[in-house]
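Note that the chains take the letters A, B, C, D and E in the order they are written out, and that residue 1 is the start of every chain.
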């Protein structure tokens, strides 16, 4: 079969050419695209092209009841859905003056950290795959799946847990769950040396990732970088500690930083955060049984629930960075406006465009994966 | 980096340590689907025995995935609050959030641990599923996400209604119930899941979901507007209605039903009377039909019919034998339950529309039926049940043996009678409670203490009076005995000293007829100065006159009418308690029904007249 | 130290005219400012009060007031507090100044708001379409745009008619309430 | 040897190579699976893939050169297989020798370059330029190793090389005689096979599998066949030069599989180098080791 | 085995008249090809929606789809299966159609999640297409939001058995009913919608033309057809001004 339209076209005379990077491309996290202008394999210009995952969440949320949105929000960031639920719930609780029971707060912290673990395993597994090391990805995703099993047990859903609702959480922790979580943590901790051997201290990887997508702390602050990516430039900042929510102020954990600001540093920060998340989870496992009480404060009938007029801007630290919800209520049964500030809306657009300048074609995927950019947060 | 053995350049040999995984087992799961976790959110199942078709799941579904489908053959009973509808789920929409499970008032719907469903393009109909107890593929899977106490989104407890405590209320006829505050009303209204079971169960089909939602939205005027669509006696019904709606309420399946009655009371009280009149007048025709209608009896049935008919532009005259409107709602219900000014307010709305009430006009005495018929196009009799029945036990003809309705009427009218220091009430219905509690107040006022015994035929399991009535009566110091059948009134030296009763073995015989059997050994004596019979009422139909009585058809002492209240005479209708037995809201419903029937009759007359005009 | 700075901030904001500020909690300050004074306020916050991180710009469409509300959330890594500066601009013509020179992240948010609400930011580096490149309708986040109505007008739904439904219809049952009939 | 026997051998040798190559592809995937803690494909998976690809109902071609390119790629290897002696079959090995083989082994890459160039997909062009650069990188140590071996054995005739080694038993193997050259060869082998860390020319995450980006159906199938040959050639050549070749299939097969398995296992442990790193690495370590080995051999 | 042609096969190949195979060996060969097709499915690596998050687990160690011969492939040219993992925004749908048309037949489409069936939870969204099968022929649907890896694997196995039995022939429908699909695409993307792949020419070439291939919509396509060039992904206007 040789239809006429498959005639080869002559290459442009100059060295400069343009390349579509995505949306159907393994070097792209999710459904996202780049248009890069290359000279040889050096990037002269990169333009993000988003919107492939646009669903109009913010519009949809204005048309649904407060509680119905709970099913909607986790979809905004698929690999790390729990912070979305928690952040949205926190906003409603702030507007509505709901007092979340202590136990629910601890359960939420537990989920958040489980989700962070899962997301980080996924993130550097993905990063490894972009550099051609599929074994790390196989391991990372398989170990993440074990966390998803615990999510399934706790929340009834593997990925979209839809477990946090304004006022608390939907169910209590199942019998024996904490023991199983604890042994999972032991397992994950025992796996960390394996990952170190295979990936983080792998000379080829270090050589590949060092200096890729490097930014200084000043640049990072100027560009609005947050989360692990900011910490990789040496700034010790974490919303969990510096703008505490839930019970993070009662927990003991460190904020790992790196100084390189490049793909390697970002991965090492994530690697260190795995350890910290395990540490937080251990504390939760220890404390949770002693915290008794309800898991949810009484909320009105969801079909007839008017959240009082008001507005709230709540922030949580997701695995990708600073996640914020701006929720406005006019006292109706539906939100008047919900604005989602996903961390990737910075990382995947401006930061990526800037870091890609002058980078090599083979590093674009690395930059994107090392920023852990999550396209649906951009598109919403 | 501190906690990993990280060298600046990395290591080329460390990765080879991973070759150990050649010796480690694979972590791969078998190909067959694993069993899901205990609270997994898989496909739906629905326990059809529990499900009442309330469609609450449909309302909470954020994806518009649920369609209600009528399934013939399933039980359907509006009074019990059961519809033969079941939710069908569109798996092309569902997101398995489980909100339908959490909000289900009955707890019938739940999710299973089944999660595999695949189909080809031409089999896409299999995505539209009517969940039954068997699951999507008819295979048994354990339940996953199911109703639990902590996940329940239905608020099972109603807002407490403030009441005067027993000691405070007992010495006056002040209204006991305090009514909801705005905050309470909104919270209580928010419990409603808008299923509409109340609407179906209500005899007059009040738009309860609509007015509850309006109350919740803070729009009480809209609530009143919704009430006046079907009930011009909302003040009365907001206080003394038998609230079948609440029995049918889907929330009541597992918890306390929404306090629909109190919400109605709240909304009516929250709107000024004048504004209510304006709302009631909305939709009244702006012409005069020229038809004249007579209604006998200014009770709920009669006045409701009057309300409907006046809105159609007819001239309506109501003939009332007594000097105040309301009928049995005024003379049968004590003031502490229904303050007269509220009743007056309801009636005032109706009269403000132009209904004329001729008080102190007893038909048969002051005006005859023939005159009514002559002067009007149609006549409705809605005279209620104003005569008490007697037990006819030995001694029941003693003057100190009274009928409850008579006493209640006397209390309302302020007629004086000798309040007994000790009294015995025979009967277990609401009227028995009313008279007992009214007498208790009078006793408290006169003697400072309450000495009343109520002897009911039924046991507490099958009691006729509302439970709250019983509770409140006890709080007021009234002794209530169940399963006591009256034997004889004890009279010593012409003076009544008390009542002897026997224990009840059974009330009905095998055929379900009323034939109480007593245990002759179990005899008790209840001392008292007065015995009050409260075992039922009947209607005084003497006003019809002999000739008319002859002509009409009768059914076991009651006037025989068709389902629209139309008697065998074309111009005569009957409505209310005298047809259906005592119940305010039934009377209202009957009023509407009859008014509609009369309206049709009048329209026929009109068209005949036009035809005549054309032919002539 | 952060406490001092907060007090200092309170003083600073208290001095500016035409401004209302409200401390909502120890880490949240709400400032209401006229649209003409907002860039100056942000410059002050960034330059003199270490609010270097623009967390987000949110836009709210107050259609009844004929206004857009723009909310600038800025965060200080030093004082660890968040100032939300609210300002309102008329809905028509919906033009405002870009703050890209102060905060580079503004470029994304301004582009997004331009796309979703149709507010034009003068001086913003890029007002091209981004997410909605294939969308020709009105800015979708505006309140007058009804997504559900649009969808019902432009899309068709799957028409299911499974066997069990046919059976029920034969017996006299069938669909009674469709989900779209009872949307709350 | 008469002509008809030769013709049968010429037919049989690529066929044998293909079958063994299929086994190597399977082994590669099994190794990847094993290290990734999973089960991996069924035994006949490589053959399923190839039949499936040839059984595609629609085939998109980008022109005559595209098809010629693939024919060159496969044909080059088919020619190479006839130059590689296996137990019982020498084919053209007597006549060709290792120098011819080295030339023939370049044909597939050039053929691919030809075919991919026709597709006009920039990813393919980038990929093929990377592939040619990588070839340049590994060819230096590769030629060095071949040259060293030929020097040591005193012949370029592969059949003779095998014979020389087999005379002295295991101690006569090239591995024992010239361990440094053998090491250099082993270092260059992953690059010859196109595996990590030297597979940047197909890098899916960067250039969407580079040269293969426009290949579909039978073209892709051709590349799959080529991969079988590629692995086979690398394995057999190394075995021939350093492991005493094969007298019997029963010893020969384990040797070639083992030779291929080593770089494959390593490949699963490493990401890929950048192109310039590939050149730097290839021109540094294997060349250094090879030169040392050559110096030792020449002494 | 004398009447092999009588063996009922759904969607009898329409071109059978031209290439009728009566040779039993050829039939065996066909069966072999079908078997291999079912055991070797290359899946396009395209995360169209959120359901894609369950594909990495399905592909990797825990659920290892390679056991079934399923491998991710990077470009549409190499792939056999197009997985539509959930909602498709209109912007993505264009790329999906481009991708689908570039895939080589036989090719299969799997619709995953609720959203591909009836809009899913984004049924109110102005930005997503609702019913996938209006735009592409779909072979297998997998229910779930999102389906677990096990469910995905079950769907794959169903597709495998369909391919083996010859049932999975929906790809032909795209050629045979091109006018219908193109019409729906035009309704969504505008009248001047076109793709670089000349479906009509391919249909003609492979003998898959029916009277439903051409119609008013293809006429419209021809009217609006621009000289074909690489699809423009709408680079910013700013750059256009520069050039």
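What we mean here is this: contacts are C-beta pairs under 8 Å (C-beta built on N, C-alpha and C of every residue); 3 or more make two chains touch, one makes a residue touch a chain.
Just so you know, these numbers come straight off a predicted model, no measurement behind them.
S.K.: Keeping to the contact definition above, tell me which chains border both chain C and chain D.
M.R.: Neighbours common to chain C and chain D are A, B, E.
S.K.: Common contacts of chain D and chain E?
M.R.: Correct list: A, B.
S.K.: When the contacting C-beta pairs are counted for B-C and for B-E, which pair yields the higher total?
M.R.: By number of C-beta pairs in contact, B-E is the larger.
S.K.: From the centre of chain E, which chain's CA centre is farthest?
M.R.: When every chain centre is compared against chain E, the largest gap points to B.
S.K.: Nearest chain to the global Cα centroid?
M.R.: When every chain is reduced to its C-alpha mean, the one closest to the whole-protein mean is A.
S.K.: What chain is the most remote from chain A, judged by the mean position of CA atoms in each chain?
M.R.: Most distant chain from chain A: B.
S.K.: Could you work out how far the Cα centre of chain B sits from that of chain D, in whole Å?
M.R.: 88
S.K.: Distance-wise, how many Å sit between the C-alpha centres of chain A and chain C, to the nearest whole number?
M.R.: Centres of chain A and chain C (C-alpha means) sit 21 Å apart.
S.K.: I'd like the Å distance between the centres of chain A and chain B, where a centre is the mean of that chain's Cα atoms.
M.R.: Between these chains, centre-to-centre, one finds 53 Å.
S.K.: If you average the CA atoms of chain C and of chain E, how far apart do the two points sit, in angstrom?
M.R.: 38
S.K.: At least two partner chains per residue is the criterion; list those residues in chain A.
M.R.: Residues 1, 9, 25-26, 49, 51, 54, 56, 59-60, 63, 65, 71-72, 135, 138-139, 142, 160, 198, 202, 204-205, 207, 303, 379 of chain A touch two or more partner chains.
S.K.: Check each residue of chain B and list the ones that touch at least two other chains.
M.R.: If we look for residues of chain B contacting two or more partner chains, we find 15, 18, 26-28, 36, 59, 62-65, 90, 92, 95-96, 124, 127, 194.
S.K.: Give me the residues of chain D that touch two or more other chains.
M.R.: Chain D, residues with two or more chain partners: 33, 35-39, 58-60, 204, 208, 269-270.
S.K.: Each pair of chains that touch: what are they?
M.R.: So, checking each combination of chains, I get A-B, A-C, A-D, A-E, B-C, B-D, B-E, C-E, D-E as the touching pairs.
S.K.: Over in the complex, which chain B residues touch chain D? Could you list them?
M.R.: Residue positions touching the partner: 15-16, 18-19, 21-22, 24-28.
S.K.: Where on chain E is chain A touching in the complex?
M.R.: Contacts found on chain E: 44-50, 52-54, 56-57, 60-62, 72, 74-76, 87, 89, 91-92, 95, 99, 121-122, 124-128, 145-146, 148-149, 196-198, 201-202, 205-206, 228-230, 233-236, 239.
S.K.: Residues of chain A touching chain B in their complex?
M.R.: Chain A reaches chain B through residues 64-65, 67-72, 135, 142, 149, 152-153, 155-157, 160, 162, 170-172, 174, 192, 194, 196-198, 200-207, 256, 258, 268, 271-272, 275, 294-296, 298-306.
S.K.: Spell out the residues on chain A that touch chain E in their complex, using ranges where they run on.
M.R.: 1, 3-5, 9, 18, 20, 23-26, 30-31, 33, 35, 47, 49, 51-56, 59-60, 63, 71-72, 75, 78-79, 122, 125, 137-139, 141-142, 144-145, 148, 158-160, 376, 379
S.K.: Residue numbers of chain B touching chain E in their complex, please.
M.R.: 26-29, 31-34, 36, 43, 62-65, 90-96, 115-121, 124, 127
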